[in-house]
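Below, each structure is written out as structure tokens.
Each of the two complexes below includes subunit A, the first together with subunit B, the second together with subunit C.
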Partner chain A sequence: MLAKYVARRFLASLIVVLGVTAITLALMKTTSGSYVPGIDLNPALRPEDIARLRTQLGLDEPPQVWYATWLWNVIHGDFGRSMIDGSRVTDHIFERLPNTLELTATAIVIGVLVAVPLGVIGALRRGSKADHGLTVVSVAGFAVPQFWMGLMLILIFSVTLEQHGLPWLPSSGAFSAFQGGDLLDRVQHLILPATVLSFFYTSTWSRFIRSSMLEVLSQDYIRTARAKGMSERRVVYLHGLRNALIPLITLIGLELPGLVSGGLVVEVVFGWPGIGKLAFERALQYDYTTVMGVTFFATLLVIAGNLLADLLYGVLDPRIRYG
Partner chain B sequence: MSRDEDAGDSGFERFEHFLEQWSRRDFLKRTGGAAAYVAFLAGGVEFLEACAGGGGTQSATPKKGGHVVEGNITDIRTLNSMLSSDTASNQVIGLMFDGLLNQKKNGDLIGAIAQDVPKPSSDGLTYTFKLRDNLKWSDGQAITADDVKFTYALAYDPQYKDFASPRRGDLSKYIASIDTPDPKTVVVKTTQVYAPFLASHGLYGILPKHVLGNLDGKALNSAEFNSGPTVVNGPFKFKSWDKGQQVTLERNDSYWGGAPYLDQWIVKVLPDSVALTNQLKTGELDIGPVDPGQFDNLKTTESVTTTEFPVPTFTFYAYNLNPDTKAGKLFGDKAVRQALLFALNRKQIVDAVFFGHGKVANSVEPPTSWAYKDKPKILYTFDKAKAESLLDGAGWAKGADGIRAKGGLKLKFDMITNAGNKQRESMLQVMQQSWKDIGVEATPSLIQFPQLVSQIVNIRTFDVFLVGFNWSNDPDEAPLYHSRNAVPGGFNGADFKNDQVDSILDQALGTLDKAKRKQLYEQFQDIMSEEVPSPVVLFNTGIYGWNKRVQGTDFGSFNQFGNRPWAHTVWVTDGK
Partner chain C sequence: MTQPLLEVSDLHTVFSTKEGMVKAVDGVSFELHAGETLGIVGESGCGKSVTALSIMRLQRPGRIVGGKVMFKGQDLTRVSEYEMREVRGKEIAMIFQDPMTSLNPVYRVGWQVGEPTRLHGGWDAKKALSSAVTMLARVGIPSAAARAKDYPHQFSGGMRQRAMIAMGLTTTPEVLIADEPTTALDVTIQAQILDLLRDVNREFGTATILITHNLGVVAGMCQRLIVMYAGKIVEAGPTTDVFANPKHPYTWSLLRSIPRLDAERHEPLKPIEGLPPNLVDLPAGCSFHPRCVFKVDRCSRDTPALLQVGDTQRSACWVTQSGTELKGA
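Entry: the complex of A and B
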């Protein structure tokens, strides 16, 4: 049954991948005009150069032909080369992937570590000042745009602290330009962007844990546990939290594609050399092959993440069966 | 059951204990590290002050060792000199590859791997370059005339027609042949007299034939060399490229000009000009271009020195003159073009939008050019009354809605520029307001840069576009104003066609007599001041800032990006 379910989901996913990549290409084609990727207004360029470069890059082919060629190559494992720098698209993606994973995985871990205690506190002290305070903070987490929060953190923790001669944090890049890259250096660069990104996760998940915890605590087995004289701490941590955490795992499963794409805004603001920044910059320059490659890759991850979440559901909750 | 519970309980206790311990220890460690770091920084500043006390580059003796980090806000695309067409890439390429020639900051050409700037033959068609003695690639091989021939062949020889060089159009048109009678001599024959030849095409970084010579054009497009050159002839060698973040270069001991003082030169890519300025302040960056809007922010920083200079760049707007378009019917009237320019308070634009870092343009030649004429025939100082009388005189009368019209045609149009360029966005707003004041309705709209380029070179459904243009040190402006470049793909998107201008530009390209050329370009500037097909709003300035620990830089109009003949003499006072 399960194998059949996975196979059916896989076939449906293929259609999604085709749809997403075709739409991406159509959007680029209809808006690019006659732009040659990577070419600026340079007086040394002649009309012949622009025409020749367009032909060499295959930009004069009809979009459907271009798409078919691209797809054929992708099926054969060839994602092509960037139209701007001639490097392999897969090289671009795998060069940036570790940086993106570093940032988003850190943010997710911080998100869980902070969200769980906050959610528990909110549930145990429902209606208290602490609970109201947490509500305000998590609403802010939804409402405050990431780019704004990023700029504010830079202003406070890089610029202002530095001006006052206090310890400050670097504001861009994944490591120091000169002799950077050791653990402490990377951690220092990670703090600000990871804070912004995890703030969002924390806000979502702490609310989730809070309500999940409240629901669990009103269950019969909790009352039974209390009735048999178990300490409140055990009741809460062992019987309450463990059960309240199960749905969170699904929620994190759904965030998996965010591991790759989730940090686009944060990456751009903090000059973090990740996949989100790559996709953003290359989309603005109409680097067709790179944008298509990243899109394909990201779509696959979204689908895999969803599938994984669905399967996890079945594992964690025996009531769910696939058919 | 009870075992489980116990295990769980002690697990949680251990976890809590761990959290406590961890945070305390980590806090101590981190603050300790940060405090040490600050102490180091503070020490550095004191040391710098001590060094700077006497002042001046001259009094100090250069030290060997150390590094600089230079910032840039545009990502680097390629490290192959014959593929590159953008300043960010050229900047890094220029540190690794020397051409036949280089240029001083005033634009004068000087010899690089060629001993000297060659005198053209008497018919103006042949240039004979003599290479310096004992030139060596960074791998120890000799640099010969064959390398030069190979490099240029990439962009003119049909054998390499698949190589995606943006220089092919020009080089295949002007180069007839390249001969190498001996390893130290390169003879370039051109197909016709072409005055900007050396200035435009003499500075490309020479590539190593012994490394790339066995690849065909197609293979060269994607050669590993393009993102990690193994062999160089410039002051710095390639070390690593962390894509999206930085390129790290290191000293080339076999550089013909002498080994550089610095061990490393790092070029770092930043998200925007604000981040760049901040990092100049914090000392994370040593060198970087400064946005006019950030200048005051940086001026108060003691550790940073700045310099400002005119650059061969101007910001201009262009009217669509194609008579088949609606805009062409408005702008075909010279009085309209002139009146709109008179109505612009460009001094105010320079002061308010560029914070005074720029110069109101009187001419279409930048002031960095030797052919620049400061006062051409018509000067457009802000004069609203004159603008209105010009329009009145030409029959553009105000209608009931306050907008001028003539023969049922309203003086109403759209203006485009690229989104994200704050200065250009502000300029469109000022233009909209200034023109509204004389009864003209201009509506700004922002598009992405690629779309703007498409509009200029191909689609051409715009009414007015605003953009900047960066010139070389030759006064030729045919790309923008010659009618032959009004064809699709050319930069004369305004569709400006003037026989007299065409003929002057052609004559000036076809003679090597500088005095004659200067006279022709003065004539050209006079006509353009009368015709104003695409008025230059202002001449931009370049601003560079650098940490005071960096000595020996000499930024100027033509020594900004790719051409820095002094790169190997830059040094740092602290040797770090």
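Entry: the complex of A and C
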């Protein structure tokens, strides 16, 4: 039953993949600008060379034909080569994807680990100074743009600390180019971007947990639990929290597109060599094949993430049935 | 008479609201003896549930501001939270009105029913589960061992209430407080649950406080009866005497508002005129006087105390305390 459900969900998601990639191509085609700058304007190329290249890259074909060709190749496992550097699109993606997953997975884990206790504290001490303080911090989390917060952290923890001769944190990249790449080095590079990204998650989710917990704590079964004579801690964490977490799963599921795209701003600010930054740069350069490839994989990840959230839902809530 | 098992005296519980202080329980006193079934009757909002919750000290956000709840030589309003936890679910168990929402939806029924024995008896999961299965079978859940593995949403309303009763009984408490245990159930299921409560009372000797707005439920279940109105007890006495000869106009009106199979001729039902009072702004004197058909001048000035009227009953009413019988109208 469950296997059938998963299979059906994947079949349904094919339509989503088709839609997303088609729309992406349409959007890129409708933006004006010289397709692949450098070809048309390169004085070193003769007009017939340019025409030959354009034909090779399929730039003169109608978009629907280009799309059909691309799709046909994808079905056969060929995502083509980048129009900019000629390397395989899949190589690009598999080189960048682990970095993105490292950053966003860290941010989501930190987000959950911080948001859940903060939300519970807010709910248990509703109206207290601690609760109001958390509200202020959360609003800041929504309101402060990620690029600004990123720049401020770079200014404080990279620039100012270094100027004062103190230990400082790297501001760019996923690891040091020279003699770097060990665990400590990677963690140091991860701290600032993960902080910015998880701050946003924490702000949203802690508010959510708070209201969810408040609702759960007013339920009849919580009164039943208290009437059994257990400690308040057991009431809150054993009988309350599991119920309060169920709606959070949906929210995290909705946040999973962020595994790929949500970190884009952070990746650009911190020069993080992730898939979001790749898509951003290549979109500016009209590198159709790379953007289409990234979009395809991003869509797959989002669909898988949502499916995972739905399955996790069933683990936490026995009332959910798949079929 | 023997020492009462539970003795509530002059209990006051208040709630702070935007409109002002609500005296949900306003000087309630009663006794519960071992093995008996006591009914507490009244309309919604009369304070009967808050009285029960106050005994368990689960009245939050309300506050107990006066009185005593004596149980086994200690005053439950004064013991520490830790000591109170040892009473809850172990010596006094409580079951609630809505079985659909009173069980935790994410845990298996057997696990929940066995939880009190794990908490209070220190039993391991296996032993607790087998006792839960035994108790579920005892309260009439068919194939209990299999059903214990179910989640609450797989149970019907009647079965959930049976499970709640089983949960209360696993620790063989001395007192069972049932707060409107049948209100949310179908009439046929109501009868089954009441039968079960009666069996439990007989078999385990558990003293039961049955809280209900339904006089019919009290009639078949309780030896003694307390009638509450606006946070106060207005009448108390043996059920048969109160039904035959009510000594408070509120009880009298209530009895005339329900259909009776044993009536000599079928009279039209007479609803009580007016609405229950606003607890923030109670009328002066007797709270019931604006709706009372027997009222005299004094009723709107002085509050009557609960005094002996007749041989077995007590009533808080100036009219009956002066010897007048409630008749006609």
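Heads up, the rule we're going with is that the second predicted complex is superposed on the first by the 274 of 323 C-alpha atoms of A that agree within 3 Å, B and C clash if a C-alpha of one lies under 4 Å from a C-alpha of the other, contacts with A are read in each partner's own complex, and residues count from 1 in each chain.
Criterion: contacts are C-beta pairs under 8 Å (C-beta built on N, C-alpha and C of every residue); 3 or more make two chains touch, one makes a residue touch a chain.
In this text the structure is predicted, and so the values were computed from the model without any measurement.
By the touch criterion defined above, A:235 reaches neither subunit B nor subunit C. Using the contact criterion defined above for the overlaid structures, shared-chain residue A:154 touches subunit B, although it does not reach subunit C.
Contacts of A:269 after superposition: subunit B is touched, whereas subunit C is not reached. When the two complexes are overlaid on their common chain A, residue A:224 makes contact with subunit C while staying clear of subunit B. Look at A:243: by the touch rule set out above, it reaches subunit C but stays clear of subunit B. Partner contacting the larger number of subunit A residues, of subunit B and subunit C: B.
On subunit A, the surface touched by subunit B in one complex and the surface touched by subunit C in the other have no residue in common. Those residues of subunit A that touch subunit C in the shared complex are 219-221, 223-231, 239, 242-243, 246, 316-319. Subunit C meets subunit A in the complex at residues 56, 58, 84-90, 93-94, 96, 98, 101-108, 115-116, 119-120, 151, 153, 164, 167. On the subunit A side of its complex with subunit B, the touching residues are 31-35, 37-53, 56-57, 81, 84-88, 92, 95-96, 99, 154, 158-159, 162-163, 165-168, 170-178, 184, 234, 237-238, 268-271, 273-274, 277-278, 281, 284-286.
In the complex of the two chains, the subunit B residues touching subunit A come out as 5, 8-9, 12, 31, 33-35, 37-38, 42, 67, 69, 75, 77-78, 83, 85-86, 162, 164, 166-170, 173, 200, 221-223, 226-227, 242-246, 248, 264, 266, 268-271, 275, 278-279, 281-282, 284-285, 448-451, 453-459, 467-472, 477, 479-480, 485, 487-491.
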